[in-house]
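In the two assemblies presented below, chain A is common to both, partnered first by chain B and then by chain C.
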Partner chain A sequence: MHIHFTDQYHEGESLIHRLDPRVKVILTVTFILTVSLTPFGAFGSYVMLFALLMATAVSAHMAPIYLLKRSIIALPFALAAITLPFTVPGDTLATVPIFGGITISQAGTIRFVSILIKSWLSVQMAIILVTVTPFPAVLWALRALRLPSPLIAIVSLMYRYLFVLYEEATRLLRARAARSATVDGVRSGGSIVWRGQVAGRMAGSLMLRSFERSERIYNAMLARGYKGQLRTVAHSHLQTIDFLVGTVTVLILLTILLFARIW
Partner chain B sequence: MHHKIEVRNLEYTYPDGRKALHGVSFSIAPGEKVALVGPNGAGKSTLMLHLNGILEGKGSIHVAGLELSDKNMGQVRAAVGLVFQNPDDQLFSPTVFDDVAFGPLHMGLDEATVRRRVQDALAAVGMGEYIERNSHHLSIGEKKRIAIATVLSMQPEILVLDEPTAGLDPRARRQLINLLHELDMTMLVSTHDMPMVPELFERTLIMEGGKVVAAGCTCELLADQALLQQHGLEL
Partner chain C sequence: MNWYPFLTGLSAPQQLHIPDGFLSAPVAIIGWVLAVLTIAYALRQTREQLGERQIPLLGVLAAFIFAAQAINFPVAGGTSGHLLGGALAAIVLGPWAAVLVMTAVIALQGLLFQDGGLLVMGWNIINMGILTAFTGYLIYLAIKRIGGSEQRSILIGGAIGAWLSVEVGASATAIQLALSGTTPLNIGLPAMFGVHALIGIGEALITVGALALILRSRPDLLRQGEQAGGTASAAWVAGGLLISLIVAIFSFAASGSPDGLERVAEDHGFIGSALDPVYHILPDYTIPFIPNETVSGIVAVVLGTLVVFGVAMMIGRMIKTERAESHS
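Up next, the complex of A and B:
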């Protein structure tokens, strides 16, 4: 049984695939920063940012449909802003006839729609990053960009063991299912309290197993000379094309930002 | 330059008070391949964890011409390649390359040397093409061989393996035995795979209850039915 739910990387040959992972990480972060710095309601800029996004996807041979499908994941988080149309003061757009009438303001609606679009744009760029860069290369880039090493170690080990943990949990659930039998004429399943206890013990057992595993992994690391610092070799070296693409993209982003701020 | 491994009167008590080793003594000559057999709970794995200082008990251990102490732990860990039973514990990096490079990188070797050693180690276990792979997607047999490569890349004096054939299907087991046969190194291998013992190891240690209860030529020990039965072993 194999689960691939964190492996988003798609093998490919394109300029975007070949870029240095550090440049890709920096450009992604810069793009997201630009998106968050554009003011509310600057819809012209959103269109330009979207065009830039699509241009990136197309030159990486990604189907826009794939990107759109994956980006739905941003929706639930953006819904946190759903109260804005009701709470931000401004010209009234409409009144909802509940609780004696709640008003929807225009300013609030613009703000809500802007947040929706912005988070959607940001998530899509992050999706492009992990689709065109192998995850170990992203980790290396973050390390090369001096992110705190414990943080990277945590992400790196999580990437390796998330699968293992998931399989462990699946085995536990399967063992329970295999013994969850019924007898004709007898109510099966036990009381809700009992079932809760069983589930709780399973979670506890998973936690204990993970704890023991972490001990064994740490021993395996010590045995090979670990002294508190994960080390890797360089994945790639910066080429002229990296500087070129990096500079051009940053300039485009700056222009869009200026345009949004001045307009 | 390879050295004798010498363990004298090693005693160890777990933090919970359970005594695991009661004065273990043995030695292994350079180039010798030695089997370590005995029932579960005999202290085999505990003993192995002592050989490069992960656990520290009372008694003396000489490895790589040094008496093991906190000061020379680094040298000792470079000299003893310890391979754990579960390859999922041994392979903790995102890619096979990172895992095999882990030891050499910690030894402070330069990048070119690290890359060469990784390639050599993977080639030695017949897994050269797996260098860019993610360990999660490999079979147990493949993982076991890569786990061995992760210590071969450190070029140790002695290979210490904990149940290398456990959980393997017959074909993967055969490949692993052939691999151990080809590796011209000093080895201490704990195992329950008794048919493998006379095939690979000139000498055998039998452990039970935290002690080495018998040591000697494999052919003699395995011929002694009364001894094997006494310690819950059979061929």
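Up next, the complex of A and C:
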């Protein structure tokens, strides 16, 4: 595995790419908050939010198909809302002829579809954020926005060693695959408990290696003058365009929200 | 090597990473408030415990948990056992350090890979990080205290702690989904509890395997985790979280609806079609409906926890008497 698999950033040159990372983080969160506050069944507002999303993607030179492929990650969770059409009371839309007839209500179906759309809109905006912003810049923005700096430092360090430990885990998995030969038709591998224990020992040995690695890293940091805090330089400064884009987007989002709440 | 199949494979069977959109805005914001308070306290505690080593140690171990979640083992029918890691981290590092490690893991999964939403991340941190760490740690300590500090009681404590940590996280997720009006509690809670009773076995097996290996090669690490301190405060915070969760449930139940506006709209639709006065409909339908469901859900959670605690106590006792007999 190569290091750039750990970053979703796609190099590009656009207005969206150039925006200050702080503005991009705030706008993403505001967008998701707006989506969350939009009532169920406000399909007109969903279309407007989707238009804003697509406008952002297009002006950042992102292919909509890429967004679509990536946004599938939230799909399995739809199962959590699947009962809504059957449990929310309301006008009957249809009756399923099993168990003596289960009714599908209109209100429940609207709510189910709304939840799926809202989830899908939110996840796409989050994808755009990390596609147009290098992840270290996202972390810098979070720190600049006054999130606890030790926590951001922990996430930064984690991000830096992610691929190292992931590679270590991959080697463990490869070694297990190499010693687990199977012959067709012959039962192989121990019981589930045994297999679980093997995986557990792999996790344990990875944990010990991580411990020892963290010691080495700490010593190396000390040798370079570490005093308990990570120091960073400013990534960027706010420009006029940042204020402009930020204000306009927030106004658009407010308008959509008002539209959804009043109509 | 591609990340996406690995990540979707990771989240699909667990169903614990809540995406944005599935929780209502008030519920999501309550989650953030609770998570931020706990994280702030955890930062202070680990600063005292680890000092300058806080950032390198917790950062690398967060990367470890992320990588360890990729270690799986085949179970049956194409499914596989996975590690969530909260209990293991808490047993080895102490609960407060584990809270930070898990927070970093969940934050990175949500921010970088969209595995779990941003607005709902507070609850994701509570469910998969804070609750799993406290549950795993406290059960492990309780069983060790009853059964003595020999290998068997450490491993049994780790197993029950890990299994229960997944169950508590899953039940909490079901409660939040019910509060948001996404899944009714009487369906969501048994479903989450049932599915994660099986997933928890994978968690328990991997945790025990890891503990066994650490016990054999670096037993000093386990002693450090126990002396990490904050056990008393951990119990307080766990209790506080539980109480605030119950208060949240009751306040929502008392207001008669999980998400005011939507509910009102529905009631109006219902009233329109029923052509009945408002005061007739409300006592028949809205007020008895929600509290019953919620209260029965709370009773189920409390009973389930008590049963598991009882079983854990009994097993601890059995180990103890057996040991006493073999000594005599």
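Structure notes:
The working rule: the second predicted complex is superposed on the first by the 231 of 263 C-alpha atoms of A that agree within 3 Å, B and C clash if a C-alpha of one lies under 4 Å from a C-alpha of the other, contacts with A are read in each partner's own complex, and residues count from 1 in each chain.
Note that in this section a contact is a pair of C-beta atoms (placed from the backbone, for glycine too) under 8 Å apart; a residue touches a chain by one contact, two chains touch by 3 or more.
Keep in mind the model is a prediction, meaning the values are calculated, not measured.
Of the two partner chains, chain C is the only one that A:Ala126 touches; chain B does not reach it. When the two complexes are overlaid on their common chain A, residue A:Asp91 makes contact with chain C while staying clear of chain B. When the two complexes are overlaid on their common chain A, residue A:Lys227 makes contact with chain B and with chain C alike.
Residue contacts after overlaying the shared chain place A:Ile252 against neither chain B nor chain C. In the superposed model, A:Tyr159 makes contact with both chain B and chain C.
By the touch criterion defined above, A:Pro136 reaches chain B but does not reach chain C.
Legend: residue contacts after superposition of the two complexes on their common chain; A:Arg195 is shown touching chain C, with no touch to chain B.
Annotation for chain A, partner touching more residues between chain B and chain C: C. On chain A, the surface touched by chain B in one complex and the surface touched by chain C in the other have residues 2, 7, 135, 156-157, 159-161, 164, 213, 217, 221-222, 226-227 in common. Within the complex, the chain C residues that touch chain A are 1-4, 7-8, 11-12, 15, 17-22, 24-25, 28, 39-40, 43, 47, 51-64, 66-68, 70-76, 81, 83, 88, 92, 100-101, 103-105, 107-108, 110-115, 117-119, 177, 181-184, 187-188, 201-202, 205-214, 217-218, 221, 261-262, 265-266, 269-270, 273, 285.
Listed in rising order, the residues of chain B touching chain A in the complex are 49, 52, 54, 74, 77-78, 80, 82, 84, 86, 88-95, 98, 101-103, 105-107, 111, 114-115, 134-137, 150-151, 154. Every residue of chain A that touches chain B in the complex is listed here, in rising order: 2, 7, 135-136, 139, 156-157, 159-161, 163-164, 213, 216-217, 219-227, 231-234. Taken in their complex, chain A has these residues touching chain C: 1-2, 5-8, 28-29, 32-33, 35-37, 39-40, 70-74, 76-77, 79-81, 83-84, 87-91, 107, 111, 115-123, 126-127, 130, 135, 138, 148, 150-151, 153-162, 164-166, 168-170, 172-173, 189, 192-193, 195-208, 210-211, 213-214, 217-218, 221-222, 226-228, 230.
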